[in-house]
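Please find the structures below.
Note that chain A is present in both complexes that follow, paired respectively with chain B and with chain C.
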Partner chain A sequence: MSQFLQVMLSGLATGSIYALVAIGFTLVWQAAQTVNFAQGEFVMLPAFFVLAAMKLLGMPFWSALLLGLAISLLVLGLLFKKLIVEPILPHGGITLIIATMALGILLKESVKEFYSAEAQPFPSLFPARHLDFHGAVLSLQDIFNLVLCLAIVVSLTLFLNRTRTGRCMQATAQNPAVAEILGVNVKRMILYTFLINAGLAAIASFLITPVYLAKFSNGESLGLIAFIAAIVGGFNQIRGALVGGLLIGVLDNLTATYVTAEYRAALPLVLLIAVILVRPQGLLGTKEGRAV
Partner chain B sequence: MLRKTLWIATTALLSALGTAHAADTVKLGMVAELSGAGAPAGTNWRDGIKIAAEEINAEGGILGKKVQIDEYDTQTDPQVSRALVQKAIDGGAYVILGTIYSGSTMVNMLVAQQNSMPQFVGSESPAVVQKGNPFVFRTSSGAQKGVPALTAYFKDTLKAKTVGVAWVNNEFGKGGHTVFLKEMEKAGIKVIADVPSEQAQTDYAADVAKLKQAAPDAVFVYMNQEESARFLIEAKKQSLAMPLVGEVTLTEAKVIELAAGSAEGAIAHVGLTATATDVPGIAAFATKFEATFKRKPTHDAIKGYIGAWTTKYVTEMVGKFDGEAFSTRMHGLCLKVADHPKILMDTCWDDTGEMSRPSFMVQVKNGTPVVIGQVPAN
Partner chain C sequence: MTKVNKGFIVAALLLAVAIVAPIGQGNYITYTLASWLVFSIAAMGLNLTLGYAGQISLAQASFMAIGAYITALLTLSGWHWMAAMPLGVIACFIVGLLLGYPALRLKGHFLAFVTLAFNTLVFLVLRNEEWLTGGSYGLTGMPRPGFGLFTTMKQFNFYYFTLAVTVLAALVMWGIVRSPWGRAFTALRENPIRAESLGVDTRRITLLAFAIGSAYGGLAGSLIAPLVQFIEPGSFGLAHSLRILLMVIVGGAGYFGGPFLGAAVVILLPEMLRFTQGYYLIIYSALVIVMLIFVPAGLMGMGQRLREKFWPGRQQRADMAEGARLK
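Let's turn to the complex of A and B:
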């Protein structure tokens, strides 16, 4: 029982971080109708902003974290939209997808070239303490990760559904032309979407890097798993991305513990095939319509 | 006419200079994991070689020729490593130094063999010296020698009746895992949890949970550096209480840096350690390495250093740059520190290229691996 609890909690904690990244996929899909294949690198990079701030500027960890978040919003939100998405989008979604693939390679290789090819330690946001629960020793880090991610997802959902700006973003996603006629500043709403995506990627980066270690190649597996999570949950729904992320996190751990460790990497792909065959729009996705 | 004459003269001059340069240098092909999962090992290997090359050149080079290190990055990809060994040979290398990862070495050593080229490797999989390749030589003992050195520690020091084993499912891990299981069977210690993981795996929650549930007296951890660090972080997170004992990598400087406090208390058998400062050569190397690269050397750095220096010693014994003669001389060779100080510790190679020398047991205390015992050469 204690093992099951431990594995479940770890799976949920990791899955919740996958969910943050997966939500980024759905947001960019809604805003630009494209898949950002650099999303994994968007999660890898903020940790290096923080490390660079600590190493080069001598900043304390928490200040470096804030600076890392700000740079992420600027580079992965504003500049990504202005320099990549806006100029390329008129040439078609496929072109933009290829551009994001190229961007992913550029970011990865740049970190390798200008920072380090070796993994780097990254401080944890939470204390390394434990909690005894029915015989299981539960890590506070896992609990905090899970709670923080869920709080972010709930807040984001409330923001999109209960605030005027959020509803304007929804309208922009559903039909930009009509939204503009109704007085919505479409460009600004799209910018907000990219900034939120950058913020989510940065938070995911700060939460997962203490365990995964900071490395230029981290985005490869993270990006793939989150992409699959978004499809499994439903590519056009935030709650779908949340469910997809949690599901993959938990199933991965359960499979490795109780079934096979050797083939655990295949699990997300098996899940993806199963969902595509049975419910192509994803577990919580809708067949049509675009809504953030 | 004048232009033509000048052109011929310039070409002749450049050719002569090029020939003179080639004649004055000997190339060592450093083929290693400078990026990818093996980068911590490969970069240390390279930097150890750089220090050796500098020292060798300061002492007049090899047979009067300056040493030139040509670097090739395998990206921790076996197929790339194979192509790069060929490229190093085509580029005029006299000896290949690398690779570290056994999976790569198993693939690329055939290329060196086909070209009768001596190759010093940092790999520790037993299979590397079991293929009958007369040109491959280790710079540290293989797992079939290193892992048995741990048996006495599990049996006599820890008095373990049951153990768990967490290992990385690659060529390196498989070799150590197989030897460990045999050793435990011989020692009458029961393996009650056998947990494989993948190279570059990032999430060890399930692995640690399985070991925790099995509750063995001790756990043998046999993984590469980054994986070891991630495992230790997760073990600490889940309060894995039993002793964690490894072979070589578990207490490496890079692992301690990555795992920070999570590495505290980890124990390992190491062929070489920069903290064995009572060995004069190792202390001097560690000081020079730290002054040059502003970080502590790992055992891979010492291995690379020894590989380069052995190249010099043996070539000068042979008296010429001849790969076949070099390899023949290496088999059954023992180098004593008294005669060859840069070998650091008395070292012998057998007919398969396997090597033996005294080794150490270390434990991480206050963030530093501290020598807690010495193991005689086996």
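Let's turn to the complex of A and C:
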């Protein structure tokens, strides 16, 4: 029982980080019709910005974190939109998808060549203490991660539903032409979406890297898990991505502990196919209607 | 002179070059040429999925793995390659159907996600099921096929054997693309809604395109097993699937000659950029992004655009076809 509790909690904590990545992915998909296959690399990279700031500029950890966040917003948000999405989107969706794949390779190989091919330790944001709860050893880091992620998701939802800017962003995602007519600055809203995605990816990076170590190839599995969390939860909902992320985090841990450790990496495929067959709009999604 | 005739002349010239190319060359160059042909077959299959049916498959290397392992296991236990290869190809076709059936029920790029995850599964099976696949150590010593007096044990002979298979595969692909089926693929890519309203069963056609494309991956795999004579899970990972995808894109998706050109670039470029050492992939992926910005139709498209510059025709913007939203 105590093992079960431990497995559940650490699954929820990792799952909430997956959820952040999945939410960013969903937002960009909706607002700009962009399927970003470099999303995993977007989570891998910010940790290296921080490490570089600490090593090369000698900055203390917390200010390096802030600088890393700022660079992420600039590079993964603004530059990604201006230099890659805007020029390529007119050529069609598939071209853009392939461009993001090429971008993923570019980012991964650049980190490998210019920083290091070895896994780097990354300082934790929270003290690495453990709590004893009815015999279960709960990591304080897991609890903090879970709470922080949930707080971010809640405030993001409030921002999108309750503020004027947030509602304009939703209008843009639903129908850009009408939004434009009603006086919404569609271009700016799309830019905000990319910035939010970059911010979420950076935060996810800072939270997950202490666990996995900073390595250039981190993005491969992370990206896949985030896509699948988004699809499993339902593509047109923020809470869908949240549920999808948590579910994958927990199921992944349960599979590894109780079923098979060798084939745990195959779980996303099984989940994906099950969801597509049974409930293609995702667990919480609403139907979009068109098959062609 | 009609377009088809011109195409045939170009194809005949290229074939002549391919026949002459290895004469007087060393083992290594012949080997590189043979692997160019093998990857051309894999890319040709993916071109059918991507260029004609408009679906992204990220598992072409996994299908190569399935073809390679089936061929390797059977030839190692004494089967002739001619008997083992069809089994590998059929297995890939069936797996393609099973994988594509759920993924292609939905609009959006679900096939890309399903095939992305499928890569992981294939890799895990190849690595974990040691009793069958030899695990991380892989399989070695696959015999090369012999046909009476013509044995392919020598690199030189094996190249011509690969060339013959490639030409046959290309002819079959030519037939598929020219058939009413192939026309339906193109109709589907150009305008799915119109294709549907003209009575094309879009789902079935896309599924078939993906399964046939996967079968070509299997064929390429069954050639790579005797070519390299060593296969292991690592040679069929996601990076290799992406590599084949980029071959199709660089060559020009939807052009018949695209995969051959793309495979040549992707196989030969590392040789030419060897002086850049580790930066090769960085330079290459950056070049691909730049190419997608300026000439999304690839090298073949670049040629076409040059031609149209002198003989202008009608232009259509891609974002008007499906109403992409960002301006």
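Here is the rule we go by: the second predicted complex is superposed on the first by the 288 of 292 C-alpha atoms of A that agree within 3 Å, B and C clash if a C-alpha of one lies under 4 Å from a C-alpha of the other, contacts with A are read in each partner's own complex, and residues count from 1 in each chain.
Quick note on the criterion: a contact is a pair of C-beta atoms (placed from the backbone, for glycine too) under 8 Å apart; a residue touches a chain by one contact, two chains touch by 3 or more.
None of these values were measured; they are calculated from a predicted model.
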| message | Clash or fit: chain B against chain C, after overlaying the two structures on chain A? | response | fit
| query | Is it chain B or chain C that touches the larger share of residues in chain A? | reply | C
| task | Examine A:102 and indicate which partner it touches, taking first as chain B and second as chain C; both and neither are also allowed. | result | second
| message | For A:262 in the superposed arrangement: first (chain B), second (chain C), both or neither? | response | both
| field | Contacts of A:112 with chain B and chain C, given as first, second, both or neither | value | both
| request: Pick one for A:90: touches chain B only (first), chain C only (second), both, or neither. | output: second
| field | chain B and chain C, minimum CA distance [Å, superposed model] | value | 5
| task | Show which residues of chain A both chain B and chain C reach, each in its own complex. | result | 112, 221, 262, 265
| task | Using the touch definition up top, name the residues of chain B that touch chain A in the complex. | result | 34-37, 39-40, 43, 169, 195-198, 200, 202-203, 205-207, 209-210, 212-213, 226, 229-230, 233-234, 236-239, 254, 257-262
| task | Under the touch definition given earlier, write down the residues of chain A that touch chain C in their complex. | result | 32-35, 37, 84-95, 97-99, 101-103, 105-106, 109-110, 112-113, 176, 186-187, 190, 220-221, 224, 227-228, 231, 235, 262-263, 265-266, 268-269, 272-273, 276-277, 280, 288, 290-292
| said: Considering only the defined contacts, which chain C positions touch chain A in the complex? | reply: 50, 54, 56, 102-103, 105-110, 112-114, 116-118, 120-121, 124, 128, 192-193, 196, 202-203, 238, 242, 245-246, 249, 278-279, 281-282, 285-286, 288-289, 292-293, 296, 317-319, 321-322, 324-327
| query | Given the complex with chain B, which residues does chain A contribute to the contact? | reply | 2-3, 6-7, 10-11, 14, 112, 117-121, 128, 130, 137, 139, 141-142, 210-213, 215, 217-218, 221, 252-254, 256-257, 261-262, 264-265
